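Got some structures for you, see below.
One chain, chain A, appears in both complexes that follow, with chain B as partner in the first and chain C in the second.
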Partner chain A sequence: MRRARTWLPGLLLVTPSIIAIGVFVYGMLGWNFRLAMTDKHDEVSEGKFVGLKNFVDIWDLPRWHLSVQHAIMFTLVFVLGALVLGWFLAFLMEKGIRGEGTFRAIYLFPMAISFVATGIVWRWLMNSGMEQRAVGLNRLFDWIGLPQWQWFRDPDWGMAAMALPAVWQMSGYVMALFLAGFRGVPEELREAARVDGCNEWGVYRYVVLPMLRPVTLSALIILGHISLKVFDLIVAVSGKQIITDVPAVFMWVAVFDSHDPAKGATIASYIVLSVAVFVIPYLIWSVRKERRS
Partner chain B sequence: MRRRWLAAVAITMASVLGLAGCGGSGGGATASPQATGGGEKKQVEVFSWWTGPGEADGLKAMREIFEKQNPNYTFFDAAVAGGSGDKAKALLQSKLQADTPPDTFQGHAGAELQGYIKAGDLEDLNSLYDELKLKDVFPSQLIDQISVDGKIYSVPVNIHRSNVLWFNPKLLKDAGIAAAPKSVDEFIADLGKVKAKGKIPLSIGSEWTVVHLMESVLLGSLGTDAYNALFKPGANWGSPEVKKALESFKTIMSYAGDPQDDWQPAAKQVADGEAAFNVMGDWAYGYFHNPPDGGLGKKSKEDFDWAPSPGTEGTYLWLSDSFTLPKGAKNRDGAIAWLKVAASKEGQDAFNPKKGSIPARKDADQSLYTDYLADALKDWSSNKLAGSIQHGVSVNQPWLASITEAVGLFIGSKDVAALQKGLADAATANAQ
Partner chain C sequence: MTAVIGRRRVSTGVRLVLLIAFVVIFLIPIYVLLVTSFKPLTEADPGQAWNLPRTWTFEAWRVAWEKLAPGLWNSVLLAVPGSLLSCVLGSMNGYVLSKWRFPGADLLFTLFLFGMFIPYQGVMIPLVQLLVNLNELTGLQGVFYGGIPGLTLAHVVYGIPICTLIFRNYYVTIPDELIEASRVDGAGMLRTYWSVVLPVSAPAIAVVIIWQFTSMWNDFLFAVFLTGPTSWPTTVMLNNIAGAQATPYSQQMAAAILASVPTMLIYVLLGRFFMRGLMAGALKG
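Let's look at the complex of A and B:
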């Protein structure tokens, strides 16, 4: 009885969230996977179990290849862009800029905006009109003599342009992560390195950066899963056009336009799996680390 | 110890209540239309996507007639914003799946409703058509094209035309084009003439406007009967005629300017004298003509002009907004009362001049329709009819999604063979 008193209150406290998460996250995930393995290709049919057929068949669709390629390009540009820019901003901050608090707030603000609002503004900024019809960035570029671009309408590099608003939005957050990381490196360590004859570059290269590895990894996971699931930004910028199709948009079209629940569930499953590829190693790694310490 | 226990229980209860509260608010939102009715007046929930300028005014005019004729009902406007009803349809689908349909909802008349019919969401309206003798007042071709196995499931309120070529008369004159092109080949020649003058030959919007253009090119190249046959069972989308039409479509697309965000900026390029031609439905007329609050305030025949899209003279490529009677509607009688207003001459003549469309009825008051609408009304009563693809008449929603996909891929690849194969596959997978 006494024992129960020690663990029962805690358990009661978390039970509602365990149940809620169990039903609304894992239950729904399971339901989605089950649906993806049926042939329920319209709303009214029963849906027989067909195993992994949908998962294989989807690779026959040219649109799927396109949306996967788009997602990869978007992820590469977005994750690398936000990491590099965020790291650079944090680096500048860490060097002790005057009015650091103000800059930090300015760089963090974009994160408070929803992707939809960002998308609507950037749709105008990245308008593909050129010369007399140029608005937004193209107008600016025209004015200062830089080449003008098709932006997200470019058939090859459109998704790289599409990642720009996302980089703009998330790099402040990455900066905050890195800044905390920088601050977490004890001054003594740096001094020790300097005493040992290390120049400033060497201090960063051999002392600070290795200690930032966990922060970089967290940032990578956070950005990576946002990127693979991206939907709202794309829809706000270009709607559901093939030229900027990504798996999440394709899923929406499959469910609400094609009325094909099984196809939608298959795409949803692929999105979950692709995010899991990022997240699961991270979880294993952090559990191991906790055990070690 | 006891306090810890109490705290734990309190927090548990609070979170359970919180969860219940979240669940409750979702249900509350759908229940509210009924709740706000109050008294003996019963609410009729009318679901549409008419929120823009013109269309919302038209809906209001119809609503006033409804409330005057039915003092015991109040009208609940459940409109969801968004052009051509994208978001509205997604919300509607979740309402239908939860078996909480609105009392009546807007849908494009024709094949777009097939999904709802197959899922058993709609009641057929044959008895209403018989009671109001609607088969006598709507064109018989229209009745044919919206019937499914002899049953009609919706009441068309208005008619729009998809195959309209909008052009800038000044630019055409500068390029030495005497009149609007009459055939697809003439059109291609004219596009070349405009290009030589350094203007945009053809303005284009987002992906769906390209599908919209394609349906006009198909109709213009194939002719009305062959076009209509494409949507019959066993149609041959792989034929050389379709191939030729798609080759022309590719040539026409090669003259298109940079794609604009949507149809309005594309239409505006014509009105502003940047582009010579644009193929868009006749809702563009309101946009060109209306005063600068939702419109461009341009002069018809001077700043912009129109003609049937090349090769489609004598054919009305139509689409129509219609209202339905969902099964399990809470206020079925109220919904029927609304459908009666929507079908009536009075209702349609109140709605359409404001919306910028023409009534589906043949007995409309012609004096209400001027300028473009007068032309449209004349053509509607005399032309052959063909159903739009993009706007849900000829193809159901999954079929349209496949066509859109094929066209979207074509915009990137410019591969006519792949487009034709995509269209043929879409037809075999979806034609009934």
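Let's look at the complex of A and C:
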């Protein structure tokens, strides 16, 4: 009883947040799933329970297939691109270099800008006009003798181009993560490896890289969950065009243009599930790890 | 020995050249934004796309400002109170979850953290419905749904996880003895918070305000679902301006810069804290 008196005030102080998270996160996720399992395909009908019918039926829509394929290609290019570029920038800087602060600030500043503003510049840069009508990168490429591209309007590789602004925006963040990771490797460990006869490459391969694994995992999770729900950037660059459709944009169209709540909720549920399958194990793992240390 | 030093110098040179090359690539979009925004309409032809303006003009900036100003103001009304509210909630939660723990606090914290990663699409339809209901219930049309208060509410609630995380990770570094000493002196939870914890909270407060301000300012998803023409914040207005076929590039670019000025200023002036917020996002425990 005495104990309860010591911790009870704490619980009370957190109660408003517990209620808010309970209602707005878990309650609404549940509500959304329930809506996805009804036939409420317009604003007025009551919506009868139909089980997982919507989750199955949506695979009959060519647009859904397209948007899933687009999301996968975007994710692959964005996550790998930002990871590799961020890692490389950190690698170039990790031993200290003159002007490091300036370099870091420049690589990182795109993060302060909204995806909408980023999208406006990159839409200009990735304009698909060619020859006389070329602006943006195509004009630049024309001058230096590189081939011109359709960019995000390319039917096959458009989403790879769409990932470029996202790489531009997020690789500085990844760089900062890796730089902290590199600096977290104790110099004595590197020295010990050198004494044991490792060359510099060996030091990286057997000492530094294994110690970067947790950072890499964090970066993967963060980039992955940004990527699977990408919305602003796509809308700012190309609007609601099918050629760059992704699930988040499709959901927006389903809710506002098709006025089909059940379909919108179904797409939203798939987005949540695609993130949850890797974020939940990661959270459990990282909380356990923290408790151990 | 000299060979080693020589090789190291070469490798430093190569690294420097590569880093500078990346700086140039990273700055290309900024060059485009600035240069295009100062061009008069007469220089809008594709052939001069990459040239500096021959005559510099503020005309596009003036028009962009006129079109964007209501959105900028709405964003201020959203992000200033919103980030302060986030701070209050995050600080209280972080304090309790690190220094005044109750049974099940770890589980609760994990449940909170999941809220940080959920794609907001998953709550959007119910959220819209709830805010519409609140409008009807209170009789306040255009306040919750279609208004800045509703948008602020959404941002503050969904910001609880990250703000709690930042404050909690910061408060963990306060020695338990300080809290204990305060308890022994007979101070209760709130008294201890007020006299021991809050006075040293400044760095975490800065991180949370910067983080929340930036994400509220830059958000598009909540804004596009929850607001209407009179309450559109900057991002939605910017997207509308840029999406209109008739808007010349110079105005689009000027508007994009104007929309980014507040967050860029924060980044330049308070970059150190900005970084810490980013690192907290990486769940560094």
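The rule is short, and it goes like this: the second predicted complex is superposed on the first by the 285 of 293 C-alpha atoms of A that agree within 3 Å, B and C clash if a C-alpha of one lies under 4 Å from a C-alpha of the other, contacts with A are read in each partner's own complex, and residues count from 1 in each chain.
Here is the rule we use: contacts are C-beta pairs under 8 Å (C-beta built on N, C-alpha and C of every residue); 3 or more make two chains touch, one makes a residue touch a chain.
All values derive from a computational prediction rather than experimental measurement.
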Residue contacts with chain A in the superposition, chain B compared against chain C: C
Which superposed partner A:Ile242 touches (first chain B, second chain C, both, neither): first
Touched partner set for A:Arg133, first chain B, second chain C, both or neither: both
Partner chain in contact with A:Glu43 - chain B first, chain C second, else both or neither: first
Which superposed partner A:Ala20 touches (first chain B, second chain C, both, neither): both
First, second, both or neither for A:Val68, with chain B first and chain C second: neither
Touched partner set for A:Lys229, first chain B, second chain C, both or neither: second
Which superposed partner A:His259 touches (first chain B, second chain C, both, neither): first
Partner chain in contact with A:Val208 - chain B first, chain C second, else both or neither: neither
Partner chain(s) touched by A:Val167 [first = chain B, second = chain C, both, neither]: neither
Those residues of chain A which chain B touches in one complex and chain C touches in the other: 9-10, 13, 16-17, 20, 123, 129, 133, 239
Residues of chain A defined as touching chain B within the complex: 5, 9-10, 12-13, 15-17, 20, 42-44, 62-63, 66, 123, 127-130, 133, 150, 153, 155, 238-243, 245, 253-254, 256-260
List of chain B residues in touch with chain A within their complex: 1, 4-5, 7-9, 11-12, 15-16, 19, 89-90, 93, 97, 115, 118-120, 206-207, 258-259, 261, 274, 397-398, 400-402, 404-405, 408-409, 411-412, 418
For the chain C and chain A complex, residues of the former touching the latter: 12, 15-16, 18-19, 22-23, 26-29, 32-33, 36, 46-47, 49-50, 89, 92-93, 95-97, 100-103, 106, 108-115, 117-127, 130, 154, 157-158, 160-161, 164, 188-190, 214, 217-221, 224-225, 234-235, 238-239, 242-243, 249, 252-253, 255-257, 259-260, 263-264, 266-267, 271, 274-275, 278-279, 281-285
For the chain A and chain C complex, residues of the former touching the latter: 7-11, 13-14, 16-18, 20-21, 24-29, 31-32, 35, 89, 92-93, 97-98, 103, 105-125, 129, 132-136, 139-140, 168, 172-173, 176-177, 180, 215, 218-219, 221-222, 225, 228-229, 231-232, 235-236, 239, 247-248, 251-252, 255, 261, 264-265, 267-269, 271-272, 275-276, 279-280, 283-284, 286-287, 289-291, 293
